[in-house]
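In the two assemblies presented below, subunit A is common to both, partnered first by subunit B and then by subunit C.
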Partner chain A sequence: MMKKLAGIVVFMVGLLLFYGVSNVDDFPGWGDPDSPANASPLSQYFITDTIKDSEVPNMVTAVLADYRGYDTMFETVVIFIAGIAIFAVVRVSRNNSPVCGGNKDDEPDLIITTTCRLLVPVIQIFALYVLAHGHSSPGGGFQGGVIMGASFILVAVAWDLDTALGRFSEKAAIACAGLGIIIYAGFGLASMFYGEEFLNYGITHKLLPGVESPEMARYYGMLGVEVGVMFTVTSVMFLIYGLLSTRGRMSGGL
Partner chain B sequence: MSEHSPVLLMLAPLFAAVGCALLGLRWKSVAYPITIAGLIAALYFCLQTLVQVVDSPTHAISYFLGGWNATDFPRGIGIEYRVDMLNAIVLVVIAFVALLAALFSKRFVPKETPDREPQYYTLFLLLATGLMGMTITADAFNLYVLIEVASLTGYALIAMGSRRAAVAAFQYVIMGTIGASFYLLGVGYLYIKTGSLNMIGIHDVLLENGLHGSPSVFVAFILIFAGLWIKLAFFPLSAWLPNAYSRAPTATGCIVAPLVTKVSVYVMLRMMLTVFGPEYVYGELAWSGPMVWIAIVAILAGSVMALGQSDLRRMLTYLIIAEVGYMVGGAWLLTPGGLARGESLYAIAPGLLGTSYHIVSDAAMTLCLFLAAAAMINKTGSGRLEDMKGLFRRSPVTMACFIVGALAMIGVPPTCGFFSKWYLVSGAFEAGRWEFAIALLVSSLINAVLFFRVIEYAYFGKFPEIDSTHDHSEEHHQEETVKVDENPPSILLPLILSATAVIAVGLFNKDIAGFLELFLNSVSMGGGE
Partner chain C sequence: MIFELDVLILLLLIPAAVMALQIRDLLAASMAFGIYSFLMCLLWAEMGAVDVAFTEAAVGAGVSAVFLIATVYCTKRKSSD
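For the complex of A and B:
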């Protein structure tokens, strides 16, 4: 009964979506340059003025980290919430829970650990490259943070979680996750300190050494907030992996 | 500094939340004071914003984040905060309710979520941040991001309770995610057709390009409203609510029950009046007939299901569903042919004043009832109605506050519940929808039955049909020896404040309604700004 009902609802939603796009005169074609989304003054402004406003060639990054930087700050907060929420819900204290997985007597496999020793530094440098290059090519704090987080997860998979926690402890992960938001919001506060609106990085050229113009201040402001995003994403990725793979014990693991 | 108060009211709880998470790693006990300080600061900035809005000549102020203002750049380049009389009041309500719920939580959080107080308060503060952000923003996508913030924290705060709470939270996660996805999909359709995410920008493009007949805009409308109705637990879509709210940890129930559905109702009003515009919602669609009927079903279903509950908190959660029916129905009341005559918004949709006033009054009375219920359960150790016996003697102050909340829910003057029903019922008569007025009155009667049942248990102590003679004499003996055993001040103070708020919102109903009328008069009716 419920399955049939669910089927009917799904069918109706599908019908609705089909109705929305089926009207050729009404729904813009794929990639249509005259569609409202592409021809609107906003899109035109982004295309022509991004480079003037902030010297950033990748306008996707400029929209993400500057024009709509406030959204991105709260997306970072969402990541932070995910980490804290999973910690709050599944974390159990080490003493009163049965041991699961992870046999201490197993030596980590030599081939795997040797490969990881070689790979991890490369992954981490690539993560920093993705972060720093977000201005001119696809990339940025979220992508860089995920790659950086993957390097710690790789250590946890190849050795065990305790080894990884030795490099990047649980408390450090939570602290770095919060620090990322403080970095991001701190750039916003710095602009308020000079009497401008929150996250108006342009004014921070008075603060940053060696930055002459508001445009370059926007450029470096974006890099700064991306660093904050990376801190949060890296730590939360690792934290979530550790918590879920050990059922909240943060020890032993897969 | 005061021109920054619209963003500072968000930053105060945000920084307090991060502070809780970081300092809580070292010192667990700092979480509570940081929370209170953050919420007091938020309330201060909310009041400052309200004063600014009242003082401004247009009764609306804008704050452009990142400095992407509408004078030097096309509107909608960046994110805009726009505060008018409606959301200025809702902001104050959110900050006030969150502060009282936080004050109230002092005893419950260490008991129910031991060793995780810093995380609990981090999520608590971020929930308040998310709700305030949903209210203040003038950007349809920013709204989505903050719905995410408010929902994720809500799921986690509910799941931190017992095992049963985790199951209920999981149902809520599924339903809430579907709702949020529908909303986002709808915003996507709107963006394709308008090229803007700014609420005023969308509205202007819809008018200028004559998009009211567009099928895409129609699909966007359905998707956005289906999503919002899930979020605000409009009756057929409300199955997730009772379990999630009644099994949640005590302090969680006290913040999510008064705020989450009410803020979602506010978002629905904003979508109706600012984004799609009354000329689309009341003119092009004019769904008043079926919508009011669904609302009537919601009111009656919520009330009747509340009758079947034997647990106090669970009973209150069903009343929330009925109250949502009041607000949605009120928003869709429409006078016949009103739009064609080109009258003011107030004459076209006479229920809007009742709906917006009810957001404030329902937040106050739900807070009062949930705090009172938690305080009563703190004394009895169980939420079952039968266990409330003799509570009047043991905790007279707690029960007095409960009665204030109950009278408001029933709709007795001078509590706020009376005035919101008054505005809604008079709106229903102006719109000629007597069936909606009858549903409101029936719901009031059912509420009276519900609360007198609780009061009967608590005042008369026992049910003679259940107790055998032996038990009877024993009970009698016990009752004589019962001494006043009142809740501690940390519980009583927020409870008394919330009961005061219920009466204050009622006594100052003229002023609040006056403010809300300023908002309703400022809504553009087809002619742009």
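For the complex of A and C:
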């Protein structure tokens, strides 16, 4: 009964949505330069002045890490809180909860481990490339961090979680998650230290060696905060995987 | 933007979304969820939003699917409702 009722409601909402979007003339065309989003002075400013302000060709990264730096900083904090919340809810200290998954004594498969041995370094270098090249091509701290975290997850899947924890321990993961936010906020505080606003990296050219102009300081400031984001995202992704795949025991499991 | 490709991806999205919600086998449901994310990633890449597509590919299709599968591994595979 309830299912049928829910089905009717969903169908009605679907019809309403179809009715809402049926009048095509209400919407701007795809990529229309005169649409409200594209014609606003702010968008025009980002398109024309990003390269002058910060020497960053990829304006998405410039908006994300500089113009909208607060937003990205607290996004990183949200990811950190998500990791800590899952840790607080799932982690058990006593090892008497039932083991989930297969037999821990199983030898890891030779073909899989050999392939992973070849793949993991490539994945990690690609993650660093995505991080470092986020200014001039799509990418950045979040994507690089997820790819880096995935490489550790791959180690945990191919061998077992204890092997992965031997390379990146639970304590180190939590410490790195916090360190990432400290790096991000540290760049913000460094610019405050020289009398500018929080996260206004332009002034840090007095601090960074070999950086002459405020524009290049913005460039390197963005790279710095992306490194912070990457630290947090990598460790939180690995931590969440470890906790979910072992029912919070952080040993054995998948 | 290629209109035909758009329509094809959007048509594939609907069965993927329905499958992710309706299927009883939770492992298959997580895979359907991953397929949905990947199709969204294709859609974004095709519309020119490469940064968003990259994030969707890494987070949605990659790590989220792994998290879901890892969680299914610790519970029953069959949904009871």
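Note that in this section the second predicted complex is superposed on the first by the 224 of 254 C-alpha atoms of A that agree within 3 Å, B and C clash if a C-alpha of one lies under 4 Å from a C-alpha of the other, contacts with A are read in each partner's own complex, and residues count from 1 in each chain.
We adopt the following convention: a contact is a pair of C-beta atoms (placed from the backbone, for glycine too) under 8 Å apart; a residue touches a chain by one contact, two chains touch by 3 or more.
Given the structure is predicted, the values throughout are model-derived calculations rather than measurements.
In the superposed model, A:30 lies in contact with subunit C only, and not with subunit B.
When the shared chain is aligned, subunit C comes close enough to touch A:138, but subunit B does not. Touch criterion met: A:199 reaches subunit B, while subunit C stays clear of it. Look at A:244: by the touch rule set out above, it reaches subunit C but stays clear of subunit B. In the superposition on chain A, contact of A:150 is made with subunit C only, not with subunit B. In the superposed model, A:76 lies in contact with neither subunit B nor subunit C.
By the document's definition of touching, neither partner reaches A:234: not subunit B, not subunit C.
Of the two partner chains, subunit B is the only one that A:66 touches; subunit C does not reach it.
Of the two partners subunit B and subunit C, more subunit A residues are in touch with B. Contact residues on subunit A toward subunit B in their complex (touch as defined above): 16-17, 19-21, 23, 26-28, 35-43, 45-46, 66-71, 74-75, 77-78, 80-82, 84-85, 87-89, 91, 93, 171, 174-175, 177-179, 181-182, 185, 188-189, 191-192, 196-202.
Interface residues of subunit B, counted against subunit A in their complex, comprise 4, 7, 11, 14-15, 18, 21-22, 25, 63-68, 73-74, 76-79, 113, 115-116, 119-120, 122-123, 126, 129, 133, 139, 141-142, 145-146, 148-149, 152-153, 155-156, 159-160, 166, 189, 191-196, 205, 209, 214-216, 218-220, 222-223. Contacts from subunit A toward subunit C in the complex involve residues 30-31, 58, 60-61, 100-101, 130, 138-140, 142-143, 146-147, 149-150, 153, 157, 237, 240-241, 244-247, 253-254. On the side of subunit C, the complex with subunit A involves touching residues 1, 47-48, 50-51, 53-55, 58-59, 62-63, 66-67, 70-71, 73-74.
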